[in-house]
Amino acid sequence: MKRTFSIGGIHPNDSKLSREAHIEIFPVLDVAYISMAQHLGAPAEPVVQKGDKVRVGQVIGKPTGFISAFVHSSVSGTVKAVEPKGDLAGNPVMHVVIDVEGDEWCEEIDRSKDIVREIPFSSEEILEKIKNAGVVGLGGAAFPTHVKLNPPKDKKAEYLIINGTECEPYITSDDRIMRERPDEIVIGAAIMMKALKADKCYIGIEENKPEAIASMKEAASPYPGIKVAVLKKKYPQGGEKQLIDALIGRKVPSLALPIEVGAVVQNVGTSLAVYEAVQKNKPLIDNVITVTGSCVPHQRNFLVRVGTPFSKMLDAIGGLPKDAAKFISGGPMMGKAVANMDASTLKATSAFLLLTEAETKRKEETNCIRCGKCIDACPMGLEPYLLNKLSRIGGMHDELEKEKIQDCIECGCCLYSCPAHIPLLDIIRVSKAEVMNIMRNRSAKQ
Amino acid sequence: MARLLVSGAPHLHVKENTQSLMRDVLIALAPSLLVSIYFFGFSAIKLVLVGVISCVLVEYLIQKFILKTKVTINDLSAAVTGCLLALNLPPSSPWWLVFIGAIVAIGIVKMTFGGLGQNIFNPALVGRVFLLISFPTLMTDWTIPESWFRTGVDAFTGATPLALTKEGLAAGLTLPEIFAANEFTFKEMLFVKIGGSVGEVSALALILGFVYLLIRRVIKPHIPLIIVGTIAVMTGIFNLINPDIYTGPLFNIFTGGVLLGAIFMATDYVTSPMSIKGMVIYSIGIGVITVLIRYFGAYPEGISFAILIMNTTVPLLNKYCKPRRYAKEVKNG
Amino acid sequence: MSTTIIFTVVSLVALGLLFSVVLYIVAQKFKVEEDPRIDIIESLLPGANCGGCGLAGCRAFAEEVVNAPSLGSLSCPVGGDAVMENVAAALGQEAVKIEPRVAVIKCHGTVDNRARINHFDGYASCKVMASLYSGDTGCRYGCLGKGDCVEACKFDAIRIDERRGIVEVDEEKCVACGACVRACPKSIIELRPKGPKNRRVYVSCSSKDKGAIARKACSVSCIGCGRCAKVCAFDAITIENNLAYIDPSKCKLCRKCVDECPTKAIWAVNFPIKVPLTPKQEKPVIKTDNREEKR
């Protein structure tokens, strides 16, 4: 029987328009803008200066805290500037701007296509290699992978869970890499199992990707610990907490990490990046990005170097389509609307989605009719209508905390399913940040 | 370049809206409406039209001239209220009765609480109960008006089976005697021959509407099924104890407004609980109160009162019956 | 029949007596001793419960005043000196005078001055908007125009100018309670002294961007050039993070800086119009908008 998570969830049309588009290599442009804040946690600190020569794979930013990651140059050339530039939301972030000259790679990177199966490294060596390669979670949050693979000593990771669900509509980058590079993903999983000393691994894939399921099953067959699990199609299956519930039937406690129930979740893209980092010494400098949308004439999946400006990627598909009304980095459920076209791609950018006004424009809000559809949809078992009501009164932070607003995973199911078009998540997201802040201050005082 | 839109995620939205949900309820009521038009002819059409038009009109006038807010009659919620109100009245009701009911339902029950989504009681039901208390004779006059299609009232007893049993019991008769005297058979109740208000004539048509609402996912099956189940179990037990005084499950389910109430009135979004746990308590309450009123109360029919009584518990049920949370315990620190 | 009525009347009266006795006992037992002056002080306060004093409401303020040894910094911004004098008299204390203040919006990025580059489609709240991105213009410091301050204002003293896309303060209604200051996620509202005859000079911009960036985003931005600071004879103007600030305690309202400012980001309000300012600017238009001016 196909498994799925037990509470809530929605079934939006999956719209995988670009699923048959092969991964194309996106050309290297003349200037790269590489952000120092490509991961969750403290931004990296630039270690190059204006005028420095850099090669592909060279470190240009070093981590500044425990939760932070290296940033590498994705191009070769001369550093033109180290300065703040707007990210996709228009807020300034330190960038290293590099004028591209040729395509010269660091020598230690193995650029051959040969698949290396042997894993001659110890757990510590693997973690060190992953850390040095600047690998971060490619599922969306961009959490530094070496931190996640190094749980506290008193916690044991029983399961490694590889997330190949790609439950967001439209995005197909994970689907394509599972179809085109399954062996590397499986070896990446084996490497992470070794790092975690976990002996069981599930690769969860939703049923709407039969080709990926077939190719991954074949690739995983030599590895007895790795199993491909077919999941029902339901959003947000790719949420860590939902995926753990679906695959091993455990529920992560409030505000805890998955390791609390003996699981570590990694995305298939991360698995591929881990393979390249450990077996090929290749840092995370490129990733597959889907460019899609009903108004886009040609659906594409590109392998893009980190630091490519959004506007240049749009040029490659023939400019902004005429009826595009919203440009989204990521999927339609959790992606961010882009306000600044001059921003550039990050390690964890998974898709560019163009939606038309008819598809995306918010409708006018009407009265709540207490239909309870938001409650049915919420995968965390919360009551979005109530959180919205309490938030709008203002100053109800204690009540919101009692109603577990801090458990919200911001998946967007409530806003998606509300027939009264109430902007539930818009309001809940802000209140959640306020409540989390209050909780942090309180625990800091104790 | 045109200015692009920016907003928080999610960027997609269901097609469904309040209007489409209400439209589905109207569609689900259509079979019952057709059956009643077949039996009651012009009077059924007249009552429903007056009900819908007066409810929409009252809402429009109040929003436009008294509250001076945005007019929201397009969401069809007033039309649903009007339709349900008309279906809950005897077929021989005069048009002005419906109009008074509409003023009470929309003007007092809905708009004074703040309009759609804010009212505590089901507007159509309060309208009906108001009329029942204010005009008891008119509201229990089950004579069949002249029909376009059928003259003659061959299929109808003129009074509801519930009223007949209540009177019979009061006169000291036993149930088998009453049943024999009035020729009740369950086949008649299931299909067509239930005497009663406009919407109650055919159980089958109501069930058809229920199935439509389930398919369209407008309502969840819990409330109607638990109400009917509770009534069946409770009347079953009483019936076993003394079949001479207490009517049985089938009789109770297929007579009076149980199906209409359970399917269309008790499931009203605004006045029913939002979590499954709340729904269960609410529905059991309705079932129990209905049976108690039918067996021991002064009125032959109790579902309207039962729903209204349980409506009052909904805010509490919403407060204390939480949905199943994902994360059970809170990690300290 | 009559026995029924008598029985009913007697039993109801008995019940009534019983309950009144119970209520009396309970009320006595759980009586909370309160300083009667709290009620007196509360009745002297405006009763808007705006929280402008920094406390939860007028009742809370009254309690605080009664329990405090002296009035000190406690003051009701809404009632002003008149109310505080009454309060002080009721308590037999000396009133502390507070200079009357008014909220000023330190942004004039109207649609004409500051081009919109995208369209916000979410819940119309500055707080929500600011949490998502830098805003719908090139300036990430300025007014978002969704009116969180309008919602916060209990005195109807701020309104959104729909056409121009920013908010403006009605200085007659503003009581300087500070609710808008707390509500604004961009911190562009400041409470400044009203000034003699309501005349004041201030920088109507909050942009900390470098000159070129600020200028590109908005034509009336402060570009931090420092010309105002140079021309000021009273050292009232400081430039920090590319933004000028006029210290109201030092400013002598000479208005030299107003003429000096190349972007017309410095505002002088409620002065008699001597010569029309640069005709292109909107300021004269605002002045006629201003109710203060018409009198």
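Order of writing sets the chain letters: A, B and C. Residues in each chain are counted from 1.
Here, a contact is a pair of C-beta atoms (placed from the backbone, for glycine too) under 8 Å apart; a residue touches a chain by one contact, two chains touch by 3 or more.
Here the structure is a predicted model, which means the values were calculated and not measured.
**Q** Looking at which chains touch which, would you call it a line, ring, star, complete or other?
**A** Complete.
**Q** Once you count every C-beta pair in contact for both, which comes out on top, B-C or A-C?
**A** A-C
**Q** Just to be sure I understand: the centre of a chain is the mean of its C-alpha atoms, right? Then which chain's centre is nearest the mean of all of them?
**A** When every chain is reduced to its C-alpha mean, the one closest to the whole-protein mean is A.
**Q** For subunit A and subunit B, let me know how many angstrom lie between their CA-based centres, rounded off.
**A** Distance between chain centres, rounded to whole Å: 49 Å.
**Q** Could you put a whole-Å number on the gap between the CA centroids of subunit B and subunit C?
**A** The mean C-alpha positions of subunit B and subunit C differ by 51 Å.
**Q** Any idea how many Å lie between the Cα centroids of subunit A and subunit C?
**A** Distance between chain centres: 42 Å.
**Q** Would you give the residues of subunit C that are in contact with at least 2 other chains, written as numbers and ranges?
**A** 117-118, 121-122, 128, 132-133, 136
**Q** Counting only residues that touch at least two other chains, what does the list for subunit A look like?
**A** 326, 336-337, 339, 360-362, 423, 426, 429, in rising order.
**Q** Mind pulling the residue numbers of subunit B that touch at least two other chains?
**A** 4-8
**Q** Can you list the residues on subunit B that touch subunit C in the complex?
**A** 3-8
**Q** Under the definition above, what is the set of subunit B residues touching subunit A in their complex?
**A** Per the touch definition, subunit B meets subunit A at residues 1-2, 4-14, 16-18, 20-21, 72, 75, 77, 115-118, 269-270, 274-275, 318, 322-331, 333.
**Q** Where on subunit A is subunit B touching in the complex?
**A** 7, 12, 169, 241, 245, 251-256, 260, 320, 324-328, 330, 332-339, 353, 355, 357, 359-363, 366-372, 375, 378-383, 385, 404, 407, 410, 412, 415-421, 423, 425-426, 429, 443, 446
**Q** Going by the contact rule set out above, which residues of subunit C touch subunit A in the complex?
**A** Interface residues on subunit C, with respect to subunit A: 117-118, 121-123, 125, 127-128, 131-136, 140.
**Q** So in the complex, which bits of subunit A are touching subunit C?
**A** 86, 89-91, 326, 336-337, 339-340, 360-362, 423, 426-427, 429-430, 433
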